[in-house]
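The same subunit A turns up in both complexes below, where it pairs with subunit B and then with subunit C.
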Partner chain A sequence: MSSLAKRKPPSLVMLSTVFVLFWLVVAAFPFLWTMWGSFKVEGDFFSRADWMNAITGPVTQRQHGSAFTLAGYEGAWIQQEFWRSVVNTAIVTLFVVIISLTLGTLGGYALARSGFKYTFWLLMAALVFRAMPHVTLVSGYLLPFFQLNIWGFLPTTIIVLVAINQPFTLWMLHSFFLSIPKDLDEAAMVDGCTRFQAFRLAIIPVMWPGVITTGLFSFLLAYNDFTVTSMLLTQENATMIPKINSFLGSTQEEGKVMYAVAAVVSAIVPLFALILFFQRQIVSGLTAGAVKG
Partner chain B sequence: MPHKTFMAFIWPSLLAMILFIALPILSVGYQSLFIEHEQILIETETCGPFGCTAEVSVDSAAMADLRAEKPAGRYNGLGTYTNASHLAFDEITEIFATSDNFTEIRTRIMNLPFYKALIFTLAYTFIVTPLVIILGFIIALVVNSIPRFLKGPVIFFSLLPMIVTPLVGSLVLFWMIDSRGIIGAALQALFSDPSLSLKASPALTWVTLFVYGVWHSAPFAFVVFYAGLQTVPQDTLESAMVDGASRWERVRFVTIPYLMPLATFIALMQLMDNFRVFEPIIGFSAAASATSLSYLIYNDLRAAESPLFGSAAATSMLTIIGVIILLLPVLRRNWREFNRKT
Partner chain C sequence: MARLQLKNVNKRWGSFVGVDNFDLDIADQEFLVLLGPSGCGKSTTMRMIAGLEDVTEGEIWLGDRMVNNLEPKDRDISMVFQSYGLYPNLSVYENIRFPLRVRKVPKEKHRDMVMKAIEMVELQDFMDRRPAELSGGQRQRVALGRAIVRKPTVFLMDEPLSNLDAKLRVSTRAQIKNLQSKLKTTTVYVTHDQIEAMTLADRVVVMNAGKIQQVGTPTEIYDTPANTFVASFIGSPAMNLVEGKLEKGVFQGDGIHVEGLPAGPSGNVTLGFRAEDAEIVEDQGQIAAPMYSIELLGEASMITWRLGGALVSIKTNKEYRAEIGDIVHARIPASICHLFDTASGERIDDR
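Entry: the complex of A and B
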């Protein structure tokens, strides 16, 4: 195709440039705005007088002597013990990712290599399970968990999140293993390996791209979860997102809302870093289901 | 793979799903047949200088015993399903019998909590999903045409609304649309109406939630379509061009048909995710004007004194039925495809 044929009329170029800029503002501006505002006091971030105050920060200057203040972060992290929730979130996400990947790899491999009809039914069941609103499942857990006295602990939540995550992990790894040629592990088995040895020696070395991508989504599920963690954990064991929600109840007091803003920004920053490093994997993960499913 | 090896590989995953997804559904079904114990009241008489007064109070010790003995509550059959806060058959019959016109029927039905939530959930699902697909497609088309070195950063920023936790994302927007926040103040200035508030009227709250939903999910559709656009066969596009198809006609007759399967995939994912809309309602503090099925369950479980397990379970069962109805066409299609393959 000649480059002349590909060339666009200037009006179209203008239009698409404007549209891209518009979309970038819509997508990114709220986060940048909130990040900037988290270093101000409430009087500036929620300014009655002039919205420019949130950028320049005259009230912050008056109260703290400079246009930026860490008061919100100090209140959230130290006074309200947000650091505790951060530690809890770290524990929960780490274990959820490790356990659900271990179970999911084994299960996904089995589903990809078995040709029997029940694999179809298992995958369909997984699809239905994936569509279940999490809160319906939580309403099933609460009473038994109270009875068994396992409500409120981190391990319970970790196992629940792993289970909720399984349908998705299975689908994703199943379609990934389908893309690894069967010959690879079958050749290993012809050479005298058992099925498990073939998995360990032939499949594990080549499965990391798919596992990393799936792991990212397991991480996001555990990190972003509100429904399960808010209903199954005690106040002391709360993870970040329920903790942020609990700040909101006490926002009537002057300045408290800035604690929530600071906590929200603290929860967003790791996700920024995640996209920065794993953008390619996230994109390929999102499309994996589409291309093969 | 023999059955035995298959089981050896899949049992941990299967066990987790049975224990924490299948059994809870059964547990929900069981709980939905029960309701809370009636309160055991005891009358105590306190006598003072001005005579005796009888006081009725809840016997908490006896209640605790009863709860320990029968944790699920007392048997109620399908009563919870048909009561006023769920399917409300009696109320519906009465509304249809006594209302004069359609508007009245509509307003009265919207006052029943279950129907209010159901209507919002369906509206959210079926308004947000198509908008997400359309917006995502447009963004993908446009981004595909910009210079290569800009694509990376654009995708980076585009992913943000989707990756960020729904509760956090909705809070960020909620603070901006506050009448003292930047968008809220800008809207007031734009319409020169200082009392304009997106939180005040139910209709505006619905619109806000829809906008949030589109904002949150459009990046997903964008990324999927964008990846699809890379694989559109160039030959077909070229031959369309040779045949004199305009830019728009090429999109209309080559690109869109080629991307149709992806649109189905996005629609499926979005239907599932939007049907359980829940966190935005909390983030936007919108429960007064918009509740969803998931929110009703959450609210029952969060009830002030003791969780209303029976009520929450009944709503859950109805939601699960809704999910299955939603998925039936997909399941049928998959079944046909699977049969064709084997």
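Entry: the complex of A and C
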């Protein structure tokens, strides 16, 4: 019976397979192309003579004696001190995630459990701030930051990124908390917990998928941010994305654009690793609110 | 072990009155049932005792402590929730151990105490399972086990059986009754099911619209309901209530005529009697009216008339046969009748 239901016309199978393959190539091509090209020199990757040079790499062969070279990575990481940006990004994302999640879980829980009407307006206000373009926030902050002499430091950027990110984490965690029945907190409180212990011992253990999903979104926001970091950080405090941008902006010297390509690949790899590692939690987190247990 | 007193307890949300002047003294080891339709304030009363809801006015005393301003954890109570409130990430064993863990009971005592509770609720075979892998009845037993593990002074149970199917409800009910008599802990039990109330309670509190309607033993509540609300809420079927006029001990209603009632009250009254107290007769009955319906219940048949606006039912033997529309007589001796004032609903005979 099931085989009958599963049987589809061969033309449909063909069509869908071709479509999926086509889509896969379109979606993955830029990444693969960049990754391949990052091991070549500029003369190959940006070759004017023949685009096939980017694949075969004759200039790379001539200059380095092999079709692949780590020259781009060496230049970016060692010569241009890209590792500094990596460290800066690590600091910024780590603190943005920790602060957003701490405030987000506490605030989201409070909003989800509060019986007052103003919680609705607080959430609405959060939505408005979330909808605003990031640059409006930054332009407002710039002058006071200069005058207070705190412009250019990592903590300043962390605060602004948290401010941009917080409305979203609040919303997301709030709806996760709403999906957890109130009985659970009350049972915990009768069993001997304070409100905070009930939150920590009874609610958070059930909330892990939600916390991880929200944390991942906060991480991506901080990791990928360009508007805030490029305007608020000095050159030596720059995170990866503005640093890559500065490589691209200085093409007068040959080979420098390859630093950007190598840096881009370096910035992508951790993202793949992270998503692959957390994929199960992310999927269960994204669907957790949808069905009630 | 404690006596629980509620002194003129009120709960208001703005102008809405949830609980109105609840005043009750619950003796040590008593099994008290709060009974009423949904929204009558019975759960709110229980939540105020637990400390999950603030008291607007009045005092709650547990033993010799006024507990109004104490956190739930400091009141030494335990509670069983309608939806169980189990910790889904913990095993049955850990769920029951949770109160001991948070209350910092010395670790070496945990195993003994938890095992004892698990035995009492008969969950030995399910210790390592998660709540999601249990049936409804088993989950409710875990919740019971968690409530009894640390011997609190008062048990609170908020409709613990209403999520179970009918058969399981009967067996779990018996189990709760048995547990309470073994543990001798003061218990407050909330339900909207009058059979649960009758079978479990030492005393029943019938509530409606935030007010106490009557407090008494199940027998008192059944035999002498204080007003028409209690009369129509207790018993299955509920008490028959017919409106009519009373004069010099003679009640006259539509299709019903009863003599020999108390001579004192007069005017518009509601006459009440129970279906199982009256009987069908050939003729000369106090009721003489066309039959509205006949239903076979199994052990008996139920004959129904329509008198005035009300449906009136009487139980008779299961062999009884009559056609709908036939004139059927019933004997209603004055001794089984209850009299209520029609306007206020209050009882006016002095039983």
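Simple rule for what comes next: the second predicted complex is superposed on the first by the 271 of 293 C-alpha atoms of A that agree within 3 Å, B and C clash if a C-alpha of one lies under 4 Å from a C-alpha of the other, contacts with A are read in each partner's own complex, and residues count from 1 in each chain.
We take it that a residue touches a chain if its C-beta (ideal position, glycine included) is under 8 Å from a C-beta of that chain, and two chains touch if they have at least 3 such contacts.
Everything numeric here is computed off the predicted structure, so don't read it as measured data.
Touch criterion met: A:P144 reaches subunit B, while subunit C stays clear of it. In the overlay built on the shared chain, the residue A:N245 is in contact with subunit B alone; subunit C does not reach it.
In the superposition on chain A, contact is made by A:T136 with subunit B only, not with subunit C.
Once chain A of one complex is fitted onto chain A of the other, the partner contacts of A:C193 are limited to subunit C, with no touch recorded for subunit B.
Of the two partner chains, neither subunit B nor subunit C is touched by A:T56. Once the two complexes are laid over each other on the shared chain, residue contacts for A:L127 go to subunit B alone; subunit C is not touched. Taking subunit A as the reference chain, the count of touched residues is higher for B when subunit B and subunit C are set side by side. Of the two partner chains placed by superposition, A:S179 touches none, neither subunit B nor subunit C. Judged by the document's definition of touching, subunit A residues 293 lie at the interface with subunit B and also at the interface with subunit C. Subunit A contributes residues 181, 183-184, 186-194, 197, 201-202, 205-206, 293 to its touches with subunit C in the complex.
Taken together, the subunit C residues at the contact with subunit A in this complex read 50-52, 71-73, 77-79, 81-89, 98-99, 102-103, 132, 143, 146, 156. Residues 1, 3, 5-6, 8-10, 12-14, 16-17, 19-28, 31, 71-72, 138-139, 142-143, 145-146, 150, 152, 154-161, 163-168, 171-173, 175-176, 178, 180-182, 185-186, 215, 219-220, 223-224, 226-228, 234, 238, 241, 247, 261-262, 265-266, 269, 272, 275-276, 278-279, 282, 285, 293-294, 297-298, 300-301, 307, 309, 312-313, 316, 319-320, 323-324, 326-327, 330-331, 334-335, 338, 342 of subunit B are the ones that touch subunit A when the two sit in their complex. Within the complex formed with subunit B, the residues of subunit A that make contact are 1, 5, 8, 12, 16-17, 19-20, 23-24, 26-28, 30-31, 33-34, 37, 45-48, 51, 54, 102-104, 106-107, 109-111, 113-117, 120, 122, 124-144, 146-147, 159-160, 162-164, 166-167, 170, 195-196, 199, 220, 223-224, 226-227, 231, 241, 244-245, 248, 257, 260-261, 264, 267-268, 271-272, 274-276, 279, 282-284, 286-287, 289-291, 293.
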